[in-house]
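Here is the structure we will look at.
Chain nomenclature is as follows: A, B, C, D and E, assigned in order of appearance, with residue numbering initiated at 1 for each chain independently.
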Amino acid sequence: MSTATLAKSEYEQENRSWYKRNEISITPWLFMAPAILFFMVYVIIPIFQSFEISLFEWDGLGAREYIGTDNYVELWDDPAFYTSLRNNLIWLILYLLAIPAGLFIALFLNQTVVGIRLYKSLFFFPFVISQVVVGLVFTWFYDPTFGLFNTVIGWVGLGPINVLGDPTYVTYGIIAAGLWPQTAYCMILYLTGLNAVDPEQIEAARLDGAKGWKMLWYVVVPQLKPATFIAFVVTIIGALRSFDLISVMTNGGPFGESRVLSFYMFEVALSEYGFRMGYGAAIAVVLFLIMLFFIAYFLYSMYRDERGR
Amino acid sequence: MSGVVLQDVVKRYSDVQVIHGVDLQIEDGEFCVFVGPSGCGKSTLLRMVAGLEETTEGKISIGPRDVTRMDPAQRGVAMVFQTYALYPHMTVKENMGFGLKMNGHPKAEIAEKVAEATRILKLEQYLDRKPSALSGGQRQRVSIGRAIVRGPEVFLFDEPLSNLDAELRVEMRVEIARLHKEIGATMIYVTHDQVEAMTLADKIVVLRGGYIEQVGAPLDLYRNPDNKFVAGFIGSPAMNFLEATSKGDSIEVPALKQSYKLPVAMPADGTRVILGIRPEHIEIDKSGDTLAVDLTEALGGTSYDYLVSDNGEKIIVEERGDERSQEGARVGITFDLERAMLFDAETEKRIR
Amino acid sequence: MSGVVLQDVVKRYSDVQVIHGVDLQIEDGEFCVFVGPSGCGKSTLLRMVAGLEETTEGKISIGPRDVTRMDPAQRGVAMVFQTYALYPHMTVKENMGFGLKMNGHPKAEIAEKVAEATRILKLEQYLDRKPSALSGGQRQRVSIGRAIVRGPEVFLFDEPLSNLDAELRVEMRVEIARLHKEIGATMIYVTHDQVEAMTLADKIVVLRGGYIEQVGAPLDLYRNPDNKFVAGFIGSPAMNFLEATSKGDSIEVPALKQSYKLPVAMPADGTRVILGIRPEHIEIDKSGDTLAVDLTEALGGTSYDYLVSDNGEKIIVEERGDERSQEGARVGITFDLERAMLFDAETEKRIR
Amino acid sequence: DGHKLSGEMKIFLDTSNPAPRATFEGIIAQFDEMHPDLKIETTIIDRDAYKTQIRNFLTANPPDVATWYAGNRMLPYVTTGLFEDVSDLWTGDLAAELASTKTAMTIDGKQWGVPYTYYQWGMYYRKDIFDELGLTVPTNWEEEKANCQKIVDSGRKCYTIGTKFLWTAAGWFDYLNLRTNGYEFHMALTAGKESWTDDRVKKTMANWRELIDMGAFIDDHTAYSWQEAIPFLVDGQATAYLMGNFAVDPIKAAGLTDDQLDFYQFPLITEGIPMAEEAPTDTLHIPSGAANKEAARAFLKFVATPDIQTSMNASLGQLPVNNKASVNTDDKFVKAGFEMLNNASALAQFFDRDAPAEMAKVGMEGFQEFMVRPDNLDQILQRLEKTRERVYK
Amino acid sequence: MFPTPIQKTPRSWQITYQSFLPIALIMWLLPLIAVAIFSVKPEGDFSAGEYWSLPSTFGGWENYGKVFFQSDMPRYLLNSLLITVPTAIGAVALACMAGFALGIYRFKLNLWIFFLFVAGNFVPFQILMVPVRDLTLDLGLYNTKTGLVLFHIAFQTGFCTLFMRNFIKGLPFPLIEAARVEGIAEWRIFVYIVLPLMKPAIAALCVLIFTFIWNDYFWAIVLTQGVESQPVTAGITSFNAQFRAAYHLMSAGAIVAALPPVAIFFLMQKHFIAGLTLGAVK
């Protein structure tokens, strides 16, 4: 019995169009074109433009003036820049606390009791809220007259502390506010990670006599590595991108002590007393170089994974 | 002494009962295999022995100790999992030594025991690899090694070979048999693989729906099953079952259009019974014409003929060598009445 | 006519060559099975026929047409994947008709063809289900149905049954055999399962490392392999190989401490050769004492004896019935010289 | 006007506080009524945000009328050509009526906008508390300090202030410097002609420090905006507030009555120095990119007319710029301010209007820091000096 | 499962755990709860210094009424919606296509282009501020919702493409091959096979992008100003300036601004979390 019923036209057109013949190699480019175009215009090219602008003196209104590396020279002995840099480092380090904190809460919530789903969502809540609102909420929380923070530490006989007005506490106060949503984020990553932990390995470890902290440290945490990696990535990025909270909570103050690079850049380039585009771009370049360090690491890790699979 | 004794063991998950009062005695050094269809409770029972599932009712003893409420780590058992459950971030050596390390054994002792296990399982050259750099068979060997290192009284295996491909499975099976001989510990082994059960076990426990159907040595179960379930479950290809009716001291088998007189205590006239004959115990009678040859398969050493009776019942015949029947031909069959079995159609119990 | 012809076909991935000049002729309507160890290039070869991999060198024709550079869609082939590759968001009916619909065939024609395939595969009652609501076997049937609907000249199967459990696999195997009988199209089938290859194939192609080792009908390969690799690969348990040396018109087999005279053209004196005997062709000679019984396995219908010679070579013997040797005993073996084979130890080629 | 105005007119306002907001809305409604064919669209932007946004909208989507400030503050937009030259409005009667503010609106000999209000700065204090403590309004620095000491002794703070947005501290600096060193020096300093490390500046800071060391200012002022500092005055934790007159409205809204709140001029510090005052002028401008300049000019003129100035400033609670307009003498604060400014030796705009933006920013940050860490003074002044060298070069 | 399921622990610990849960939650959300309470307190409570007492009367109607009827809040909310929805649609659409190209096809630059998107996504976006603001000005899109939307689409495309590509990579490739053998054109494979399978990913991304964009503040203040185009995050600062020190109103405003993403999160929780974790962890 012959079943060769495919219509001839389907496989015997010799002179097909050029597109048809090269369909597989052209299609991906057609599909990527819009995304690449957008991304180039708004992200990739501007990165290089930042480098360029940083070599100019420009107020954003008039003509630009080429000044070579003067902006960088000025940056070199600008105390505000060092304050920002120092604060950025503090952010980077302290923000990482979100990772263990998130893990801890995730472990606490990784149970199956009635209503636990609701608890998990409510614990995740801070992440969904805009940082602007988080900033406002924490500003009130820290308010030296009526803030809950001072009320609470008042109970134990401390304070009052003017967290946001005191240069020694202000950065830590803002970071604490930032840690709130970030911890929630890490918590969700870990909750998902914990779901993926192989139960048989836990059982094997129980048979091996591992319990509690030992189990956590030797068996669970290593298996959470993917979640930890992502938590690390998003936390680092979050720390370097910190802007909203500072802008809302202190506007960089008091006397610029809570600035970070991204905020300082905004301040010199676009704020009331700023409009030094070139100087802002120079700060941007420094921030980018710091980030480049991490981006290279992230990409390298991803590259390894891609090769590995 | 470290046999395992289960007394009236029951397991309930909230309101579903999955193990219905199991009594079982496993001698010290015995290799005991649990078989049964999927979901019959094999794993659950094994995990109760391990302490990974709580025992709802009843008592489990290992050697002289009642372990029913003990922690898994204290029971002196080691378990080998189907998915190996190796710690992916540790090397082979660390994997094997982990249990001892957790229990605070000195380094030297750990090293020594790991070396011993390594030797037994010929894992020397892999000691510093991570599990991900090992093949399936090697991983399973490591996981057995991890069990050995802990020097348990009882080894528990939950389908340890079912993630391996056919060839490796055979190899590892032989390896496990040898291991049992070498260290002589009590072993409980869950499988759904006929061949593993038959070849490894000193004692097979056939489970169905949370009940034990029969316990016995492999060949005893093969030759002398207690009921239709066990008869059909043990042996491959499975036993052929044909409907029949008792009539006097014979049975009438419509599919074969014939009566047979079996050396058993016949039930009352007209009782519906089932005749069981294993494929390997049937001979093709080319001169017959009661059955049609539907399909034949030649595997080289053996061939299978798939026969269909006129009333639609199917019979598989195993033929030795590479002769096989002609597809579409009509044949008869003969078989040794001594080896045929009779079951009650209602209760499925063996009629002896 | 729509046989498939491969002429000197080569496949290279950047600088790794995985297919080394394969010549193969598959007749119209033939059922051709590719077997070989993992990684030998079975899938690659099949996918080259399908057009899913580019052919680096050589020529592939289907029927009279050279398809080497054609798109998959134009080759008149249909493929059935190991993982079924059903479109999960479409019903069975839509899955089967999708290809035709996309290529603008009229609705009535699609409906008719789907109905035909449905009938052949007895899928009537599942037509409106999504794949997720089907069992593995049903899914595989649908994916075969999808192939049938397109009415291809050549069906390609890549390990279609290896994701099914043992029982279903047997069932589907029989189904595919029946399908081939019914529609009679050319089929190329990749598997690593002995039994599938032996039972389904008109022609088996044994591949190794990107080369064809031998092509032939299943029983021809079993009875008359060209080399040691094929001899060992076809047949289960695998053929026993014993080292030997030619001496005059006999061979000396140290493991058996004996000389044998095989009906073959003997090579020069002192050539190292290999004697191959299948386990099913060996009989235990209880009076002998050349070999030690290392391990025995009784499966009921058959038993395996694992024997070890004094020089450490291993021999497996398949025994019919449930008798087996005593472990630890010493025995001899006998075998039919007509059925034993001789291979050159260097080239591994058969000495006939 | 000769012919009818038509089309659309966009007005951007920074008058985001409730009272000014309402005032302007009223004026615009009035103007709208006079010109039925004109469609007016008003956008009110938060005062602090407005200061950063003006650059953007002047270049990107310029309205027809925009509020801004006189003095140095409008310089960048004049030099970059973003403000329209409105010298043509400064002719005839109007020129005469607005004469007092003309210099503040003039750059390069041209006028770039029209003022609509100005207001005094000074001490708003709790009269009732002064009475309770038996204090009188101070007229010189010693009295001020003596009063303050008594207030501090009574468990209160002398001054409330919220320095979160920095400029409030500049108010203190301006007055201390005006009183310590005089108007000329202050203007030279803000114009970059004097050094920040000058001893005269240090003198000003030393005076300031006396208050700081006394604990005269409320704690934690860095955490508050100027509005958030009001409650301290209202609930009596602090007794005075150095502010512009615009603060009266919110203070009253927060619960103080005319009986409780009163005003006094910032007292004399250095004997013999004439009393100059802060009197920031708020202005209206036409962006050079405006679409409907005709209507815009008409509006500017309209706002400057005596009638409108009268009613407008009555409701703003501030001072009209048109000398034909009448001052609302029912309001004791306005009245006091009017008198004070009329007698002033000179008027300063405000620190961030007199100094260029960058200098203002660094300066005000320095003042805030000084209020928290007076010991850092030298460092702060050096920083300001360095900025001066860069900014004015 | 780790830690040990609570059901398997002693009764006393179970009770401790169960009762500690709500306490922990309240502590965790304390700042938010405080704001929620603020927002329903009448003005009088604040002037009386009663910050931490329960509301003396329920002032919620009045407070929220003010937010909705006496401020620009509704307008800001509308702006946010008009910015967020097109962005989510645009970014997801671009990413679906790019993800398809990068996930399905093998070509030389594949990994490089993919990494370009990934790297761009990791960039601290502030560094784009000056050039992007300039570009937007040049395009005449400054202070328009369109300008903001275009940038958001472009920037989110990085993350979305990372997500989509990994998702598509996880689809069984034989599906594509099966379709190719059936002679289905590549774009039809995208439309009829890949796209339907991406539904969960699309849902996840939409929800995620909605929240991200809704909560954006930085770009809102860099690229827009004024009530006609600013989203609610930026609007809230004007709102707060308008009602400075009126904590009951500011709280109500904050809650109104925060509510939409919270609502979306609760409605589409499954997708949201899948998005966060899948996108990241692949």
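Simple rule for what comes next: a contact is a pair of C-beta atoms (placed from the backbone, for glycine too) under 8 Å apart; a residue touches a chain by one contact, two chains touch by 3 or more.
Predicted model only: the values in this text are computed from it and were never measured.
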| item | value |
| --- | --- |
| Any chain that touches subunit D and subunit A | E |
| Cα-superposition angle relating the copies subunit C and subunit B, to nearest 5° | 175 |
| Distance between the centres, which are taken as Cα means, of subunit E and subunit C, whole angstrom | 55 |
| Centre-to-centre distance between subunit C and subunit B (centres being mean Cα positions), rounded to whole Å | 28 |
| Centre-of-Cα separation between subunit C and subunit A, whole angstrom | 54 |
| Multi-partner residues of subunit A (at least 2 other chains) | 10-11, 60, 219, 270 |
| Touching two or more other chains - residues of subunit B | none |
| Contacts with 2+ other chains: residues of subunit E | 49, 183, 185, 237 |
| Of all residues in subunit C, those that touch subunit B in their complex | 174, 177, 192-195, 198-199, 218-219, 222-223, 234-237, 278-280, 295, 297-302, 304, 306, 318, 320-322 |
| Interface residues, subunit D side, partner subunit E - complex | 12, 16, 18, 43, 45-49, 53, 56-57, 59-61, 225, 227-228, 230-231, 235, 254-255 |
| Residues on subunit C engaged by subunit E in the complex (per definition of touch) | 50-52, 71-74, 77-79, 81-83, 85, 87-89, 98-99, 102-103, 143, 146, 150 |
| Complex contacts: residues of subunit E adjacent to subunit A | 1-3, 5-7, 17-18, 21, 24-25, 28-32, 34-35, 38, 49, 51-52, 94-95, 97-98, 100-102, 104-105, 107, 110-111, 113, 115-120, 122-135, 150-151, 153-155, 157-158, 161, 183, 185-187, 190, 211, 214-215, 217-218, 221-222, 233-234, 236-237, 240, 247, 250-251, 254, 257-258, 261-262, 265-266, 269, 273, 276-277, 280-281 |
| Residue numbers on subunit D that touch subunit A, as the complex places them | 48, 51-52, 55, 59, 76, 79-80, 82, 163-166, 219-224, 231, 352, 357-358, 360-361, 365-366, 368-369, 372-373, 383, 390 |
